Every structure is written in structure tokens, then in C-alpha cells.
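I'd like to ask you about the structure that follows.
Note that the chains are named A, B, C, D, E and F in the order they appear, and that numbering of residues resets to 1 at the start of each chain.
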Amino acid sequence: MLVEFGQTRVMCTASVTEGVPPWRRDSGLGWVTAEYAMLPAATHTRSGRESVKGKVGGRTQEISRLIGRSLRACIDLAAIGENTIAIDCDVLQADGGTRTAAITGAYVALVDAITYLAAKGVLADPQPISCAIAAVSVGVVDGRVRLDLPYEEDSRAEVDMNVVATDTGTLVEIQGTGEGATFPRSTLDKMLDSALVGCERIFAIQKEALALPYPGVLPEPSEPKKK
Amino acid sequence: MLVEFGQTRVMCTASVTEGVPPWRRDSGLGWVTAEYAMLPAATHTRSGRESVKGKVGGRTQEISRLIGRSLRACIDLAAIGENTIAIDCDVLQADGGTRTAAITGAYVALVDAITYLAAKGVLADPQPISCAIAAVSVGVVDGRVRLDLPYEEDSRAEVDMNVVATDTGTLVEIQGTGEGATFPRSTLDKMLDSALVGCERIFAIQKEALALPYPGVLPEPSEPKKK
Amino acid sequence: MLVEFGQTRVMCTASVTEGVPPWRRDSGLGWVTAEYAMLPAATHTRSGRESVKGKVGGRTQEISRLIGRSLRACIDLAAIGENTIAIDCDVLQADGGTRTAAITGAYVALVDAITYLAAKGVLADPQPISCAIAAVSVGVVDGRVRLDLPYEEDSRAEVDMNVVATDTGTLVEIQGTGEGATFPRSTLDKMLDSALVGCERIFAIQKEALALPYPGVLPEPSEPKKK
Amino acid sequence: MLVEFGQTRVMCTASVTEGVPPWRRDSGLGWVTAEYAMLPAATHTRSGRESVKGKVGGRTQEISRLIGRSLRACIDLAAIGENTIAIDCDVLQADGGTRTAAITGAYVALVDAITYLAAKGVLADPQPISCAIAAVSVGVVDGRVRLDLPYEEDSRAEVDMNVVATDTGTLVEIQGTGEGATFPRSTLDKMLDSALVGCERIFAIQKEALALPYPGVLPEPSEPKKK
Amino acid sequence: MLVEFGQTRVMCTASVTEGVPPWRRDSGLGWVTAEYAMLPAATHTRSGRESVKGKVGGRTQEISRLIGRSLRACIDLAAIGENTIAIDCDVLQADGGTRTAAITGAYVALVDAITYLAAKGVLADPQPISCAIAAVSVGVVDGRVRLDLPYEEDSRAEVDMNVVATDTGTLVEIQGTGEGATFPRSTLDKMLDSALVGCERIFAIQKEALALPYPGVLPEPSEPKKK
Amino acid sequence: MLVEFGQTRVMCTASVTEGVPPWRRDSGLGWVTAEYAMLPAATHTRSGRESVKGKVGGRTQEISRLIGRSLRACIDLAAIGENTIAIDCDVLQADGGTRTAAITGAYVALVDAITYLAAKGVLADPQPISCAIAAVSVGVVDGRVRLDLPYEEDSRAEVDMNVVATDTGTLVEIQGTGEGATFPRSTLDKMLDSALVGCERIFAIQKEALALPYPGVLPEPSEPKKK
């Protein structure tokens, strides 16, 4: 599926494969992981391919890990058996907020993967997902708290925060940083207020997207393991 | 721009950067290069990311080199001055013929880049492109010559050939191979006949695409060098 | 200098080198960067060397970036001229909280480096550091908020948060995460209360450490650039 | 064995090892693969070692794949059981046409390996090789079709084509390319005529080489698997 | 344990893990290996991390191999069963002679590991170590033979030699080199005399260190294999 | 040139390039370096290519460094100006003693390179080589000292020593090691006696090889820098 937030466009795809990583074998638990990447031409100035450089950059790994962690907060890994759901988030066009757009889209892809597994009769529990997950970025620009900054504003934000939340009102992850600056606790509170309002709006959009007829384009994996 | 051939979808984007690779400096000539890659979820079974593996596979490099060579056959590199045009071809969905779809789309992206450079007043010659470039794959399945095979047929083809041709009737590149089999020269001739007919059809489509109003979404580079 | 928090021991060393990374040249600004690493035998079970594996893991890069960002929040980079301060944080023994111990020790190493630069007469502003920086980790274990968890407790924490703060009462960075769980905003608030109390205690210890006579063991760099 | 074409000298050696790559296990089929490489001092200007650079270049991989594909066209992989024949083609001195010389020599090394396997009593079918394989390069220089160009002429060829053929008159692979130029179909036909004549001459030489007493210097592998 | 020779400080730690490398499996023999590394800030001028460069340098590998070989000369690998003892030698501060200090400290760490294995009841032979191992560096500076040169003198030595010896009077390894110079055999003899005297002194110190009460801080491995 | 010692065959080639490595620029001194490598099929059991593995092994680097050091002991680097002589030593067939054969052949290749530079009129001093360099391996097998062991004997040697010497009777490098064993100083003396006798024999052979008419096949470099 394709997520668009302003000029930011991220393609999120779930692939189901049988089996789990070696360190998790014979646990009876499944695994959800994510890989984030940016196409070279996604940014204003073309950036080199990480495959050509021969290594994955720190920022890329950091975001991949964040997406995976966020998704694992909403799913009962015992319910999917020893299967792995890999979510690929590829940024086709970038204009700020790519990591939060990726999390938001990855959640929808995850739900599609679960629908697919349910149809295959693989699920131990018919409702392994306990809540919806969405993410927003929020920043302080020229002293004012602003939601989902486009790149031009993001690059001059004094404080930048990413919030991952659930539709049951709890938090999954919060990362606030003041590059080259610091911020009082009251600003943190204001940013958090704003972020939670933003998440509410996204939960509504996700629900609409998931209500559409099942697109059926999920890559058909080799028969997954029955639980 | 996005190229679609059946279920195959390739995103082709041109980026213009000032300067040329070190070995070409002070030659007065520009450079055109291409990078081909496949998103992990583009294929039926998810394939690992080359950035994560830490190296670019042989097939990927082979196709990147083929696209670059094909494009350089139609352009006067002296006319663009010491600027580099990098074409990124990212396969979003693969169903056979990704390399020929990539060449076909890359040509359109190249023309857009030239239009951009012309608008900037950088070109020494207003028409640096001497002909159109298109490519098709052609194979022999169950003894019959077939154009642009989808993956399912491609994987059981006895002979597989890629043809890159110009709209002036000449050839740029021809690669025919019989994995696990050999083929008589008469089959080569029949495949070539079929391929050239296929290319004619593509040249018509390219012309239509290029007649559309200039989309203007080419990443705006730092001021390129005047010739 | 060596930082010890419980069984966790981190060696933090600052090296001053002339010049800045290419993308920062001719800006008149200096640069502060950090590299975090763990010795193979620092953990209970020996972990492989990243140099032998040929790549730096995601966690390592994430922490290195966090330390660098945190330090850059307290220093006026114009004051140190085009010089680079590299802080190496090597974990000799690990028992939870290595990243926050590293930040805390890195700040002291940074101050030592500034003292060294001041002695050399390189500083444009005699007080380029605007505040002290310290970090603590705080978690929720068995429903109770706890400061600086040792490894055994950390590994079963329901929520884990790292807070980087200044001695002027502001925040530099806050990262809270609930692996496999979510948490209400009220827990975030309680964890933050606890973290800020913890930071106060560390600021007192840092002051003592810095009051000791200058150890003079900082590696003597090649003459740094005068501003 | 050592192949010499003019100033080009390529060492081709076959090694037999028990077992096949993981993706082919339990298929009952063997595997034939090839690795091509150039010694640093083989060319006029010394080229860096790929082992020191830490990656195998695109050209090297492309040629290795071509050699492997070509050899697999003439052998019945079921007949050799689950054993792997690896052909190493190392260019000691390069003066044009190294890839076609490598294929030609690799075929002779392959036949030697089969003789060795036959002597061990491993073959299911005593004649697993269905035809001889040879390759030539052919180019157009100053408008004239020329066979097996030395480097000096090759580098100014307008069109360059490699043809792999069998001694039963069929084609295995054909790769024609016009770097910086295009060519009419009539030129393709003329090059192909010339190439097939060239291959005839090579088949005669191969036969002579294989009629010599078995040199017996093939590296003795660990006992291969009986079929 | 921490070894200090003048300003040189090396941390040597032994880790015991169950099992041996693949090529040694089912031999009934254990394995002893070593990894040497230098912290970036250990030298006067900061050196880049090998993990960041993505490869281990030649000097690092050479020394790691030397340490491993030296330790294997004094131990009966059958006695420890199929367990691996990995010795990590990390140079915290370098002032010449780091490799010989590492060997000297690694021996003490090895003895501690053996004590640990004995306590676990894993040893087939209660005394698997046949002799003590120590190493010194010796050089010729300004025509005079000198023991354990500090960095400043080492860098202008005409000849440099490392000697690894046992407390039974035999040699384990001797490496003498004259970078940019050669030396007569009589100089070799004098250096060897001096080195053996130096080793005697070290054996005495090692004995003292090992007489101290067992520190018990060896990382507790997963239960090693009983012999 | 090709060096053969028993079944061991090493190809040694010198390439001259203008300029020196960055750390040596503007010193007025030249540089001599060496790269050693083994073809995959050189050993009894095929070994994987280091280029395919993506890194150069410890043994390869160790030997490359040893060859370079040995050659630099006999040449006046000021005399060759800021030019680099790179010696490639590629083992075509290995049967013990490849490193010493490589040093011996590398010396001859170095002399040829100097002859070439002299003919170009680049040398500041017409005789920049002060002595001949040769190397032998010597071992103890079944208690007896033996020169230049073939692989079968080498692999069961109790002590193994490599000696690099000059024809003026001095030593350049000596490396003696007792893998899994130790040896008395008297054995060292006996091995050294034997090695020096072996070197005498090699110096005679080198002289003969160098007396042959200049082969003229040295790769012609781009005009080297005049001194």
C-alpha cells in the first residue's frame, strides 16, 4: 500500500514467510520485523544507494528498528505461530516525516498480512492485534508547536519529536530531541498534546483504508506453518 | 515516471548533478549512468535487500550497466557539458521483463532531463538526442516465439533474448541466451523479427508520454555547469 | 576518564583533531562527534567484535549518534573554530545503562578537551559550554518506576526510558519505549520525575570530578587551528 | 590448462567438490559454476585487486556468470550426481578477448573433470557432455568485420559481439553491443557469419588438446558422492 | 586482567564458550584463540575504528594470530574437551610493545580460564598447561641492544625483535625484522640473550599475579561441555 | 617472471606507477609495496576467492607485508624519486614455501623494474639496490632440520622458520614458530645455519636469471616522474 502525507510518499508492503530467525526457533512465537529505505531520487538532492556503498547507514537502521518495535507492541506473537511478517517501507518521495508515515502505513500492511494469515487458517487467536498503531512527528518552529512539518520547516525546527501511540490512548514510543538546543518540560507536554490529537485523525483514516475491499495483492508466501 | 508493462512496474527517475566522474574530468564531455534495483517485495517471494547483504549482486550490476550503455548510444555527451545524468530504475513490482521495461522508461526520463537542461540554457546543441531507445524481451516457449513474457512463462522459456533498438531501425544491444539449451540461427532470426515489431509499438507509446505537458517534478539540482 | 555506575564501566576519551568533516568546511564552526563501542568481553556472554564482522550494528550506531547529539546541545561550535572533538566511549564492563553512563562520562571528557583547547589559546569564547549534560535510564519493573536498572532488571522492564538533561533544568533528549507493551501518559510523567531527580545527583558527581586537578593525559593533538 | 589467443593467456582449472549449493540439495542434480578474474598485472596499466577493494566488480561477475551459463548448456547435470564442478579462469595476461578465451579453455577443463569423474566411477551416464562449446569475439573496426580483436583494435571497435556456439551448429549465447553507436541488422548477420567460421577453427584445436594424454594434474577432490 | 608495561596498558580477558569452530568438530580437542585490538584513543594520534572502516587491518590480524599461536604452545587441547577459550586483548593505552604485553597478559587470563574450567570439573587432565609463556620486544637503537622500547625509541629502532619464550627455557616464536636495514647474525644473538633475561623477570611477575586470590570475575559461560 | 621451487609456482610481476601513497607525498622518496595472493585452484583442495568473500585474510596480509618489508631493506628509496613499484606475487600452484619463493622472485622482478627505470633515465643513483635478497623456509621434521619442505612435510613440521637474508651475509627478517610445540635455542641456531646455506644457493640462481637478456615485458607505465 502507498501512504501519502503531503509530498511524502512511502510504499509499505508486508511479506509473510514461514519460520522465524534462528534465535527464536522452537519458541512457538512468531516475529514481526521491518526494513526502511529511501530511494536515491526521493530527496531533493540525489543520495547514493546504500547497496552500492556496501553498508546500511545509522539513520536507516535506527528507523527500521523503530518501526519493528512499534508494530510488535500491538500484536500477540504467539497467535501467528512460527511465521515471520516482514514489513518493507520504501520512501519513494521524501518531504519530512518519512519515519512516522512509514509506521502508520506499516500498521495497515500488518493488518492486511493478518487478514491473509486468517484466511489461510493459520492463526491461533482470530484477533491477534490488540490496538491500532499510528505515529506523528511534531516540532517547535519559531517558538510554536507544529504537527507533521514538511522538510523545509523540519530542517529549522528547534525541537523535533516523534510519537507512536495506540487508539486505546496509550504510548508506544516517544523520541524527543533538541539538536543544538534544549527544551523545557512544558514544551514536551505541549508537543505531546498536539501529537495525540494528530494520532486521532490518523486512526480515522486507517480505519477507512482498512474498510476497503481486501486488495489481495499481498505476495503469496510458500504455505506458512500451521500453529 | 512510472513504467507499467503488464504486472511489471518500474519507477524511472533522472537526477542531474554538476560534474562528472574523476576519470572523465576536463574532457568537456558529460556522462549518463544508470542504477537498477528491485524492491524486496517486488517479487513473489521476498528477496533480501542488497544494502543489508552489503553488496550488489551480479544480476543487478549487469542490468545497471546495460541500461547505462543503451542510453549512451542515443546521446551526444559533448552537448550536455560536464554534467552527469543519473537514471534510477527501481522495480516496484516484477512480473518478467524488468530490464527491458527499465530501459524503455529510462529513455523517457532521460528526455525529461534533457528538456530540463535545455530550459536552464546549459545545452551546447539543442538536440543532443539522436534517436529514441526502446527494449523488449522475446523468448521461445513450447517451441513458439513470444514477446514480453510474464514471469510464469519466462521461467520455462527455452531461449531468452533482450533487444535494445532505435526508432531509426538500428540495433543498440542484443543478448540472447539458452540456459540449459542451445538454439539454431533460424530461431535467432525469428526472435529478432518479433522483437523489432515490438519495439515499434513502444516507440509510439513513448511519443505519447513525451507529448504530455512537462511534469516538472525532476529534482532540481544545484546549478549545473554552463558549457 | 573511566565512568562507573554499579557494575557498568565505560572509558570516555576525547581527542582533538584539526579540521572538520568535508560537509562542514569553511563554515567557521567546529564539530563534536562520538563513537560508542562495547568490548567483546564486556557482556556476560561474549559478543563478536564488530570489526571482525565487518560492520557496525544498528544499536551501536544509534547510541553513537545519541551521544554526539547530546553533547552538541551544550556547546557553542563557533567558539572552538574549525577543530573536531571526537569522544570515544568504550564499554569495558556492561551491566545495564551503558548509553546513559557513556553520555555522562562523555560530557566530562568534553569539558577536559575544552580546558585543553583553552590552554592552547584556541577558543574564541572562553566559556563555550553553556550547561552540564547528564543522562539516566529509568524503567518500569513489576509496575514500579525504577532508576538506573542493572541488566537483570532492565531485561524484564515493561517500559524503558533514557533521559538526557541539563543542569539548567531543561531536556536535551528523551526516548521512551515499551517493547511488547504500551504505557499511559501518566507513567511517562512519573518516569520523567524520577529521571530528573537522578540527573541532579549526577551533576553533583560531575562537578566533583571536574574539580580534581587536570589529569593532563589527554592525547596531545597536532597543533589545532587558531580561530 | 593454459589457453593462449595471441597475447591473451588464461589459466583454466576445474575443481570437483562433493555436494551442491543449498538451493539445489536433494535434487539429484549436479552443478557447474565458474569464476573469472584478472591478475592485477595482466593489463597494460596495473588494476587494483578486487580482494583488496573488498568487492567483485560488475564486469567480473558478468563474465563469471556468462562462462557458467555457457558450460551448463552442454552438460547433463543429472549424470554427475550431486557434485559441483567449479571452473576457475584466471587471466594472466590480457590483450582482448579474455572472456571468449576463458569459455573456450573452460570447456576443455570441464571435459577433463568429467574424465576424472568417469575414472572414479561416479557418472550415471558415461557421456554427459552433448556437444563442444567454444566462443569468439567479433567486432567492426573502421567499417570492417574482424575476428578476435587484440586490445588496441578492440578499444576502438564500433560494435563488439561475443558468440558462444556448439560444434553441432547451434548457438548458446550471443551478446552484441554498440557502445556509443548503433548498428544495422545486416552488420549483425555479417558478424555472426564470421563468428561461426571462427568457432569451427577452435573446435579443431580443442579436439587436438583433448586427444593429448590425460595430464592428471586435476586437483584430487575429497571422494565425490556416488550417484 | 589489566597488564601494564610502562605507559602501555592492555586489558586481557578470557571467555569460555562451549563447542569449537566447525573445522575442528568431533575431534575431541578444544581450541584457544585470541583477538587483539587497539582502542582509537590508545595512541598519541587517534586512529580510526576498524569496525567503522569495515575491515580488520593486516597488523591487527597478524598480532591476533601470533597471540593465539603462542598460547596454543603451552596447553594440551585434548584436556579441555570441545570447548573454546577466546582471549580478548584490548589496548587501552599504547606506548610500544603492545603485542608482547598482550601475550604476557593473555597467558595469565588463560590460566584463570583453566582454573575456572577445573572448578567446573570439565578438565580431563588437571594440569593442561605445560609451561608459562611470556614475551618481550627487544631492539637496537643507536647501535645498542635495548629491552622493551617505549614508542619514541621503538620508532627509530634499526632492528626490532619479538621473542616469545617459556619458563622451561625454550622458544615459542621469534620474529626479528630490520625495516629499511639489515643486521648481522651476531646482533640476533645479542638480542636473544637480552630477551631471554627479560622473560625471566616477567615469569616472576606472572607467578605473583597468579598467586593472588582468584578474582572470580571471569564471565560465566553457558555450561561448557563435559569431556 | 615465474619462480618454481619443486611443485610451487609463483608469478612475480613488477608494475611501476607514478606517484606515491598520500602519507608519503612530497618526501622525495619512492615506495615499494607487494601483494601476495593464491589462486583458488593452487592448493590441493580448492579455496574460496578472497574477492568473493569480500575481505583479504590475515595470512594473505601478513605475507604481503613481509614481502614488501623484505624488498625495502635492499633499495634506496630516494634514488627512484616519487614513483611506486608494486610487486604482485600470485601463487599458481602451491606445495609449501610459497612465501619464501615469492620473496625470492619478487627480488628479481624488482631488479627488472629498476633496469626499466634506469633505461627511462629516472634514477637519481644508478645503483639503488645495495644487495640481493633471498628467502628460504626451514623446518624440523621428525627431529631433523630440513630445508624448503614440501607441503606434506611442512604440515607435520614441529618448528617452522622463514629466513630472509642478503648476499652480503646479513639478515633481513627471521620468523621462527613452533605451532603446538616449543624449541630450544640450539635448534634455532641449527635452522639458521641451514637457511643461510640455502640462501647462498638461491643467490647463484638469481644471478643467472638476471644475466639473461632483458625480457622487455614489464608493463609500460605512464611516464614516471623525473627525480
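Note that a contact is a pair of C-beta atoms (placed from the backbone, for glycine too) under 8 Å apart; a residue touches a chain by one contact, two chains touch by 3 or more.
Computed from a predicted structure; not experimentally measured.
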Exercise for review: Just tell me the minimum hop count from chain D to chain F, counting one hop per pair of touching chains.
Suggested key: 1
**Study point:** Chain pair among E-F, A-C or D-F whose interface repeats that of A-B, sharing over half of the contact pairs by residue number
**Key:** D-F
**Study point:** Of all other chains, the one whose Cα centre sits farthest from chain E
**Key:** B
Exercise for review: Would you kindly tell me how far, in whole Å, the mean C-alpha position of chain F lies from that of chain A?
Suggested key: 57
Revision key, fill the gap. Expressed in whole Å, how far the mean CA point of chain A lies from that of chain D is 48
Study note, to complete from the structure: Residue numbers in chain C touching two or more further chains are 54-56
Practice item. Moving around the ring in the sense set by going from chain C to chain E, list every chain once. Key: C, E, F, D, B, A
**Study point:** Residues of chain E defined as touching chain C within the complex
**Key:** 11, 13, 15, 17, 35, 37, 39-41, 43-46, 49-56, 60, 86, 88, 90, 92, 219-222
Point to revise | Complex interface listing, chain F residues touching chain E | key: 55-59, 61-62, 64-65, 69, 72-74, 131, 166, 168-185, 188, 192, 196
